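See the structures that follow.
Heads up, the next two complexes both have chain A, just with different partners, chain B and then chain C.
Here is the complex of A and B:
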């Protein structure tokens, strides 16, 4: 089997990938067999507070992660069309569309998600999840808890802080009621600490991309993100990211980059285009460009500054309210510029994602601000993260070529 | 009715009206785009609340800020603002509802130089005590912010006076809808459209005078009006959209009545009364909580369907027309379950995707005609 493999390529492969795959497979198996172990299942939004679930021994399941899997396995178009046949407009978020049609069809790469006992919706990422979870609450007829995190256009007001804090208390009461047992607060503290630790490790992993060559690219980060989304707050996530961090440090020491010949460093904005990650990564690699960082995967550690690991439940309100998608465009632009400086990016690649309005509306202003403040060239790719019908390969191919030309010229001009 | 001519002139060109109003009365004009805008507070501050509906210009400037998959209302209003068409506004307020308006607020703050800018970050759920408390807090903050921006103090007495005026307007608009329920010929749908739209544009005191006169004439005519045409099919407009397309005339031209609606530029705008006792801000919040919920807000999982079924019964309607503005997520998410609720009761409905394009009108007309044909066979 080993023969015929390119040793250059083998060297570049991230070894932890295998382990991650195994963990995720086991995780989904366990979730699907929850009915056997009498464990409860909660569906939760990707920005939602999973820690109390872990502390209560509830298995969290992420429809958005499921959506990403559907996209990556190129099953998105079919499921989206099924949703359209159910009356859902093709202009709605493709995660929501594919998940909604997947429930009755039991389709998708893992035959549908295990049935939830409860739904936890936190609107810190968008208003879509509210509507999506209402649909599922009607379909499965299970209780829905909404953690409402008021949008921080320019500030997180005192009244908003109070409101979210009260809801955190309600959230715990809700879980206690559904599970018919009390929350173990010592365990909750431990989970909180583990969550913060995993987030720090994840940030450290992403930080290794500051090196030249970057040992991992945004495309790798998209993959290794799964645990910080689904299992933060567990020992397993901490262990995994420790190993991944060690591997990245080793790669840095050995001078192994994510791509063979890193000459240009780019920053990615918005969700991945799941069904074309390989094509895109090869396309950029062929131009000696590495996407060294992105605004998406860093969102799961971006609010660390507001969280007190020794007082997780109390500080969680602010941490969950001030994440990347719940703040104003000017603040987002400021963070993008920080990343550009930190990772020494030569250009910005933005995915204008018709599925995700809160992420995409405002990109044009962010693009302008970046141009004004840093003079960086940028590329806007019009697509959709799951629904392939909105991806035009030939057009995007040409645009990437033209963009790389500009990046090269600008650098040789300096 | 002679009043209707005046109203039609005003609703045909709200921007011209607002400019004139500002020039002649010196009133400060505050723009808004959503029926969660607390007009009473604006009015109590001595300013004039004006609802904006894109004027339908070609999108040129807004294209550099909003992609093509953004609803035409938001693109249209931003275009007007960037073109300097709204430079008479003293301020613009943004109640938080959908993701699109959320980002419009940011884009506005960063790009529209004229006037002050205020966010009202409403709660997203309206069905818990904490959320209601937060809503009250937010409205208190808005009252302070607005007072500061307009350099005035908004007293409880001012608020109560405004509440009384608005209650009066709401009450009279209710009467118009009630009177039409038993006899739609009292006022054409076209006129109802202008009447409700004018309520969001005109100086509210002058508007109330006209509205009362209209109600008076309708009441006088109740006994005499010709009831023959009342065998026409009765339809409800729903699915709501934040702007107000003139579908009323279309429906009437093909020989049906609009017996009621579930629109933010229709009955949702004037539903409910506000108590004049106690803290006026709390009273304003209470009305929002009791009012039929906006799809971008949460009030249980089925309240909109229940309300729609109730409306259909109450108006003795034969069918429902859903209007969805393209790229409007909150409304599009609710359509399948609302339709299902109607299907279950054997109530027919038609879905119209509305776009701000003139050629779409003809197409819409044909579809409404076809829908009426199927209703007749039932």
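Here is the complex of A and C:
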């Protein structure tokens, strides 16, 4: 049956989505065919320093991005259960569980990730990745490089800087050894500059949501994030975000919002609930609420201030250490409050994510600090980013409804 | 203006009718598996019992888990806002509400005007809810209605340490096997709920005066344990179980 497209919906669609899908498909195809092109593949954690890989012509592959795809295609429960049958605890992060079971099962939406030649693990996001990558290093029998970034409670000490810098040097040596070739430092400089440029553009894209109505929501950002995670340091990422930024600016000029009738602006905290992004976005949109920003997607440009684009390798130590999940709770709360002010949020929505302990652990404190300092209402949603067994629709439905009643009542002053 | 509040909970469905700003009738039935049918039956019965004809002149607000299934309601509002409105109707000074229902418990903080300032609901676990008590009543083979009276005789409440309902049930069974006095076990169960709900209340930011609403408010043992854990007295209205329905009927007065 031929159905006419709803012009209102068409207008609101972000055109760059198509392009992003094409880029990501090509990227995964290229990675899967790496054995043909004799390119090396490195699996790397989402917060890990990818730039040296790009400079060495190694294809970076992200198990966490893969985990997000598994979650979004609702294949998480099956893979998590398989990992549990292998003996892994159901308390283990669902990215780790689905990745670990995906390797032998060759399951998931793309039939498993291409086999790695090396693994790069940076513990700036959590401690889980250490054991996870050790497991995979044994399974694939490939070398593993661990970059240990000390936790930055309040500051980055001189000792920490030396410690991480030393490891960055070792990282380069490791790559040179595995690839049996020297790093081209001019190329590395160029990659560093491109990386910084892409991060700036990404921040600029997110910044457009300061407008009313916001031209994109956090749900859109969750999608467009893929490139800044996987391919920062490439020209392609820079080009893409330039285009996306232009589209967002045009939307602002045309007054096109992410949702039809933006009345309330909310800030999202923690990873997306990948298998429910559509349900959640519709649920909030139905209450005229737009999630205008989030702490998650901004993590890929949040440490920009510490990075010197003309001296990337040197400054990288600090940039990669001071990311959102590797700082103290007071500092996290400060950043949340900054975002609330910047995006003029009316409320805070927190996803207490069973999988991600470092992200969820301090949320009650952050919630309290936000309440005390800004008096904003906040909502806690208990779920998991990939494992649907931890999502209870009717409970979350009631909580969102009640939260929106509070947000509305606060504003209307009845 | 005639208004009605229909509160479809997971275990029971409650209704309240308001005429001239006063409660005219309340009624409770079991929800059963069809919440839509329960809502219709409940509304028909409350009108019949109260001897009122002309359902169409009522403005109706539905609340509770089944709020979306009450197709004849003019509006659906969550239990948070309804319990707030209901509690303030029962006592217009109330600043804090603890509602323990069949499948969830919530703590609601109000400002001076009675607006909801903050609310916290239990996590997905059934511990600290009416369901928890039901499971324990079954394990003990005692009618739930007697829990309050029996626990009043306890001398030495048995500590129940498991947070999980299923584990707590096996803990209770082993206490029975050890020959512990049933009043002590029940008092222990109440204390465990009290501790759990008190933590929830602390998260919402406790304030006085506080009221307990929901079906579990009828259980004096839970109220006492909760008061002890919170360090304050809780107001219990005879209408506690109907607070949500009453609040819904009040909020229906705002519908034009």
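Going forward, the second predicted complex is superposed on the first by the 410 of 414 C-alpha atoms of A that agree within 3 Å, B and C clash if a C-alpha of one lies under 4 Å from a C-alpha of the other, contacts with A are read in each partner's own complex, and residues count from 1 in each chain.
Going forward, contacts are C-beta pairs under 8 Å (C-beta built on N, C-alpha and C of every residue); 3 or more make two chains touch, one makes a residue touch a chain.
Bear in mind that the values here come from a model prediction, so they are computed numbers and not experimental data.
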item: Touched partner set for A:402, first chain B, second chain C, both or neither; value: second
item: Which of chain B and chain C A:377 touches, first, second, both or neither; value: second
item: Touched partner set for A:25, first chain B, second chain C, both or neither; value: neither
item: Greater chain A contact set [chain C / chain B]; value: B
item: Partner chain(s) touched by A:410 [first = chain B, second = chain C, both, neither]; value: second
item: First, second, both or neither for A:364, with chain B first and chain C second; value: both
item: First (chain B), second (chain C), both or neither touched by A:329; value: first
item: Touched partner set for A:310, first chain B, second chain C, both or neither; value: neither
item: First (chain B), second (chain C), both or neither touched by A:160; value: first
item: Common interface positions of chain A, toward chain B and toward chain C; value: 364, 382
item: Chain C contact footprint on chain A (complex, rising order); value: 364, 371, 377, 380, 382, 390, 392, 394-395, 398-399, 401-402, 405-406, 409-410, 414
item: Of all residues in chain B, those that touch chain A in their complex; value: 64-67, 69-70, 96-100, 102-107, 109-111, 119, 121, 123-125, 128, 130-131, 133-134, 137-138, 141, 295-296, 298, 301-302, 324, 326-327, 329-330, 332-337, 339, 353
item: Chain A to chain B touching residues, read off their complex; value: 86-89, 91-93, 96, 123, 126-128, 130-132, 134-135, 137-138, 144, 146, 148, 150-151, 153-154, 157, 159-160, 162-163, 166-167, 170, 328-330, 352, 354, 357-358, 360-365, 368, 382
item: Touching residues on chain C, where the partner in the complex is chain A; value: 65, 76-81, 104, 115-121, 123-124, 203, 205
